[in-house]
Amino acid sequence: MEILLSITSGLFLFIGSFLCISGGVGIIRFPDFYTRMHAAGVTDTLGSAMILTGLMFQSGDLLVFAKLVMVLLLILLVGPTTSHVLAKAAFHNGLLPQGLNTLSKSDDKEDTSSNT
Amino acid sequence: MITHLPILQVVIPLMAAPICLILKRPQLAWIFALAVSGLAFAISLVLLQQVMVSGVISYELGGWQAPWGIEYRIDQLNALMLLIISTISTIVLFAAPESLDKEISKDKHTYFYVLYLLSLTGMLGIVATGDAFNVFVFLEITSLSAYALIAMGKKKQAVWASFQYLVMGTIGATFILIGIGLMYQMTGTLNMQDLAQRLPEVSQTRTVFTAFAFVIVGVCLKLAMFPLHLWLPNAYAYAPSIVTAFFSATSTKVAIYLLIRFTFSVFGLSFSFTTVPLQTLFMTLGVLGIFVASISAIYQHNIKHLFAYSSIAQIGYMIVGFSISSVSGLTATLLHLFNHALMKSAIFLALAAVAYRVGNVQLDNLKGLGREMPWTMAAIVIGGLSLIGVPLTVGFVSKWYLLTALIEQGWWPIAVLILLGSMLAVIYVWKVVEIAYFKESSGAPVKEAPLSFLIPIWTLVIANVYFGIDTRFSVEIAQAAAQSLFGGGL
Amino acid sequence: MLMGLFNNWVVIVLMMSGLYIVIAHGNLIKKLVGLTIFQTSVFIFYISMAKVNGGSAPILSENISLYSNPLPHVLILTAIVVGIATTALGLSLVVRLKESYGTIEEEEIQRQDNQQNQALNKERDK
Amino acid sequence: MINIVLLSLLVVIAIAIIRMKDLFAVVMLTGIYGLLSASFFVAMDAVDVAFTEAAVGAGISTLLMLVAITMTGRKEKVTRHKPFAALFIVLITGGLLIYGTLDMPLFGSADAPIHSHVAPRYLNDSMQEIGIPNVVTSVLASYRAFDTFGEVVVIFTAGIGVLALLFVPRRKEEDEKIASINDSMHEHHLVIRIITKMLIPFILLFALYVQFHGDYGPGGGFQAGVIFSSAIVLYTMLFGLSTARKVINQGFIQLMAAFGVLFYGCVGIASLMNGGNFFDYNVLSDDPVAGQHLGILLIEWGVGVTVAAIMIIIFFSFAGRRELQQHSENNKNRESL
Amino acid sequence: MNLSLEVMLQLSIVLPILSIFAIIAAGRYPNLREGVTITTCLILICFVSNLYQGLLSGETISAFWWELLPGLTISFDIEPLGMLFALIASFLWLVTTCYAIGYMRSHEEKNQTRFYVCFAVAIGAVMGLAFSANLFTLFVFYEVLTLSTYPLVTHAGTEKAKQGGRIYLGILLTTSIVFFLLAIVSTWFVAGTLDFKLGGIFADDVNPLITGTLLVLFIFGIGKAAIMPFHRWLPAAMVAPTPVSSLLHAVAVVKAGVFTVLKVCVFIFGLDLLAVLPTTQFLLYLAGASVLIASIVAMRQDNLKARLAYSTVSQLGYITIGALLATSSGVIGSSMHIAMHAFGKITLFFCAGAILVTLHKSKISEMAGIGRQMPITMAAFFIASLSIIGVPPTGGTWSKWYLMMGALEADQFAIMMILMASSLLNIAYLLPIPFHAFFPNLISFKQENQIPSSTGTSINTMSGLQIKEAPWPSLIAIVVTTLGCLTLFVYPQPLFELASAVLTGRG
């Protein structure tokens, strides 16, 4: 039973760390902002989720397990929101994705001033 | 209640600050602050009397023994400092509301009083505590409230001066923190008296030497000693006049107290004056400080700058007294500490009255004030005379002790330098007198300062003269404090 | 020997970089950043002093016997808050300086002050 | 081994900060610097300190610097005005420090004087005398309670100082104008507002957990106060200062700050009344250990309230100043149009 | 009311200072104010004469006020030298006051109240200085005297007055702070006490080098004695109105300086130690040089008051020489010379003031032929200059005589030569003035006889030219002081006893 648990947690940890490394390489290699942000998004959510589940298997008593579950939920909630806000702010400040140079007027609304 | 006085001395002004914030109206806040400051003054008097009778008072906070908990040790030196700080703060507070009307916008007065009480608490806390790290915490309280108070000045240079003071002050405080850390690392304790016992064994190690160097440099930054004094003139010149009056008489004095406490009580006399060439270093810096500061004081156009530089020169005197490292030398420093507090607060309060009536304190605005504001100008003249050290004033007493201490050691060339220094004081004081009394006033005629200024100014001036004549009180305490410092550590 | 003192030397490098930023850089925000770094490195120095090899966090529990020293941790808790207090005050000063001087570069502020003093002197000499 | 990696990373970041010209990047790096030092503290078994450093060093100070940068501009002038003098001073102090480290006890050695003189009593006796497992909290709140009191006053002073410098008296007619802008921005922030609406209760709950968990694990007044204020700050950033001021008006928050400090002091006065020395919790109730528990709980509560109130005051002052600046710009643009 | 002598001693110091409140109170009514001043002078004179009687009858009168610093007390003790100085000062205060009444009124000086207040404070300080029992009290009153006379010197309030005041205060404060204070502190440290003792307070084993340097410090420190390098303040103080310069030159400031020199030489060093010190010789020649150079410079001065100022510098040189000769007759000569010079110089200044007020002339070149208009003043001027020169009918002869004897005893022949030469120089710069006044060569007299009218008392005489004298109170003062010069010659007995008692201790 012990060996099974440690193998699965080792597996999860391995996948998680692989995803993080790929995200890191992605940030360096990708051409422009948005693609780079996509790579960061990957590490942010999936990579850390994998590592956390791996740790869950390692954890001894229930309290630590519960705390890890809560951290996982938080990450799943906060991760995508941050990347969303990052993209919105970039887009709002006029950073266009590399290929496109003009935008069709329909889906863009100019608003007065962003808060911060 | 009597046994709890040492802690009440610090806690009462401390608790008064938030209460002041709750009493919204500035008038109420002022009365409350004045009452609290008066109470602190009363407590410091009782403490002084107790100390003179029964020697050192020790008070364990939280009921824990000394090295484990924090301990308050009050001996003659602390009691003298507590008395100076609370007296000056009470007297200066009298003139606060009138002077603030002209210098700070109405809605910020309550904040001013809160910060004033906090800086008072900080200083009392530094002086009363017997724990090294506690000194750092209360040092931060004083400095933070000082940065905020200075930045409340009406001109824009005040904010810039306050920022420079913040940068230099924080570097100084962090140096002290490093010094305390190194000391803690070598001895394992933070209590000053415990440090004094455990340091001699490790005193030959290089770490303790570095700890000593860092603490001294940190304190000298706070002290505005000669090479590290660049922040003081602007900070005192552009701060609100009440703040300058209060800080000129107390903040540098607290730093000198720290210097004396660390070199004599914590590191011990033998270490600080033999293993470290402190004596020659401080002697040269002190004398250099006197000359450079006095000469630059002569060329100033703004009077507050002028007297700020003269403060640096007077600190030079204290450093020279300190560096003699003899009982009479230390007595001279402590006396000058007490006297200089009286002199400078009187002069800066009088300048506050001038600023209140005339608006700004450039030298040319002072033309003809000798006739229009006779009482205020008389106070400045008497303050100036005691700066020079004319007999029957406070300045003469401390100059006399400094000279005897110097000649006792046989260093009469330095005694001559000191006298030449006070000669420079004659020049810049007379520059002010000549403009006030001999030039005709150009602008509109100016009324005499209101009574709320004149009463504190003239209490200080009378104290200036009284303690110049009846010196029993100040000399006795200074001697006792010097004896105790030389006698057995704490 | 090296391993033992490496820790302190790195901390000293951090402290000195903090100090360098404060002194060398004219931008006031950069100075405050330098101050924060300088203070944080002092905290690191304190905490690395408190570590005992093999000891665990000073939370008493049955099976652990060796603990690190809790006292520096208490001191640093206080020092961190002192650090943030100074930074907050420094930043408010910088904001006020930007409003009154229009710039947060040390030389420009100094130049404006000097110009104002010279103007004062000229008008007085007239 | 881990701390060497962390320290070298810190050095890299410090060098990067020196080189960087864009202030926004510098502030971000400071945040990372704070976070890395927090993780270093965890490696050094200083869990309480790590928690505070993460919350305060990485969180609030970066936030405040960001707000300051929005007001003072991002670009730093290139010229370094006195590099050699700085280098000279830095080398001297650095050399002195290195000279000082030569006789220091080795890193992590158990026989260093600090482990043998004062600290053992805390580790051995604190369970009997105070009875809470987290020794750091017991030292913080009971043995050296006055230090923490001084430190609460430090944060109170900073709060009042910032207020005194940046206080902007509220004017009625402006509030309506700002409220209108907020509503128009609703769609712009739609996603983040809904997420924060879901998150804020949990942040507040977590703050309370940290507040009362201080005795058993890392946590305590400071961290709780900072987390509580970060929830409020998040709310302010998204829903605008005027709505936040409606939730917590200026008078109330100043009252809470003053109340926190007074509450802390009153615990001490209470122990004075009962005959013990200042901050002597044994006299607070008949059984000394229960007295210690009560005392520590109360002062942690005092610390938490003060720190939360002050952090909110500081952020409100900065945000208020920023709004004032924006209005003056809008009025200027309107006149120039 | 029979006040005990001790109370009288303390009152004589406190009375002038208390009188300033009465003077300020009576500020608006000039007559009342002058009345108050004169009554105070009279009371002071009777106090001092009582004390003089007490001294003669051999009583030791001393008083202790308080201990300013541990070991340093403010205490007073009467001894002959102090008595002599106090007598002169109190008597001349009365004379100067009535002179000032006449002068101030006719010259319409503004803020006269301040003049009388500072005058009273100065006299109080002089009394304190005269009766001080130790060097510390002396130094305290020395400084009070400097500061109280500063407003007098800058009385006019003009730019020139400010310049004069600046030099006056600069030199006096500098010398007193840098040299005098240092000397006092070192003496206190070396000798252990500052109390005046007849044979000197230095123990025998103190090596002469230290006491030598101390003597130099003292002589340079006492700026008021106007030794050559530090005499600049005297001519600079000439800017002040005449009553002030008479106070300065004759009554208080300068006399205090020389009195202190005498006290230091006799009571701190003691004559026998003084004789053996290496530096005494150098200081003697310095004093001699200052006498000669001052007299030569005085000859070239065209402004009468400037000439009198430089003549004071040279006369003070005499007294310092007398002190430094370290012989009994030298000391007697110099203490008598204090009195003689006081009366002589005060008369000269009164006449200068009278000429200024009535004829608005201050240049000596314009003073040819004024003897006809102001016969009494010019006669007084003539007698006073005789006293300064030291010619028989006036008191000056005695003091010059004893000074010569002193020089002879100490077989300082160079000093004797200097004394002789300077007496000749005195004649050269003093006598021509009255001579031209009475016997102008007739040509120059005719053209400039249209003299502007003035408020002086004008008595028509047959010679067709109006006699215009100084206002009557000033005239009285001049006559009194001239008579003083003469009586001092005819009846020098009490002065001589006092002077010789200086060395033998009590009366």
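So that you can tell them apart, the chains are marked A, B, C, D and E in the order they are listed, and the count of residues begins at 1 in each.
Just so we're on the same page, a residue touches a chain if its C-beta (ideal position, glycine included) is under 8 Å from a C-beta of that chain, and two chains touch if they have at least 3 such contacts.
What you are looking at is a predicted structure, and each value in this text was computed from that prediction instead of being measured.
Removing subunit C from consideration leaves the other chains connected by touching as one piece.
Counting only chains that touch, the fewest steps needed to get from subunit A to subunit D is 1. Chain nearest the geometric middle of the protein is B, using mean C-alpha positions. Among the other chains, E has the CA centre that is most remote from the centre of subunit C. Taking the CA centroid of subunit A as reference, the farthest chain centroid is that of E. For chain pairs C-D and B-E, the one joined by more C-beta pairs in contact is C-D. Between subunit B and subunit E the centroid-to-centroid distance comes to 45 Å (mean Cα coordinates, whole Å). Between subunit B and subunit D, the centres computed from C-alpha atoms are 31 Å apart.
Per-chain Cα centroids separate subunit C from subunit E by 68 Å. With each centre defined as the average position of its C-alpha atoms, the distance from subunit B to subunit C rounds to 26 Å. In subunit C, the residues that touch at least two other chains are 15, 19, 49, 71-72, 75, 78, 82, 85-86, 89, 93-94, 96. Contacts with at least two other chains are made by residues 67, 97, 101-102, 104, 112, 114-115, 118-119, 122, 144, 147, 150-151, 154, 157-158, 161-162, 165 of subunit D. The complete set of chain-chain contacts reads A-D, B-C, B-D, B-E, C-D. The residues of subunit B lying in touch with subunit D in their complex are 4, 7, 11, 14-15, 17-19, 21-22, 59-64, 67-70, 107-108, 111-112, 114-115, 118, 121, 125, 131, 133-134, 137-138, 140-141, 144-145, 147-148, 151-152, 159, 178, 182, 184-190, 198, 202, 205-207, 209-211, 213-214. Residues of subunit D that touch subunit A in their complex: 66-67, 70, 181, 184-185, 187-189, 191-192, 195, 198-199, 202, 237-238, 240, 326.
Taken in their complex, subunit A has these residues touching subunit D: 74, 77-78, 81, 84-85, 88, 109, 111-116. Interface residues of subunit B, counted against subunit C in their complex, comprise 133, 136-137, 140, 144, 147-148, 151, 156-157, 159-160, 162-163, 166-167, 170-171, 173-174, 177-178, 181, 184-185, 190, 301, 362, 364. For subunit E in complex with subunit B, the touching residues are 66-70, 139-140, 143-144, 147, 154, 157, 159, 161-162, 166, 169-170, 173-174, 177-178, 181-182, 185-186, 188-189.
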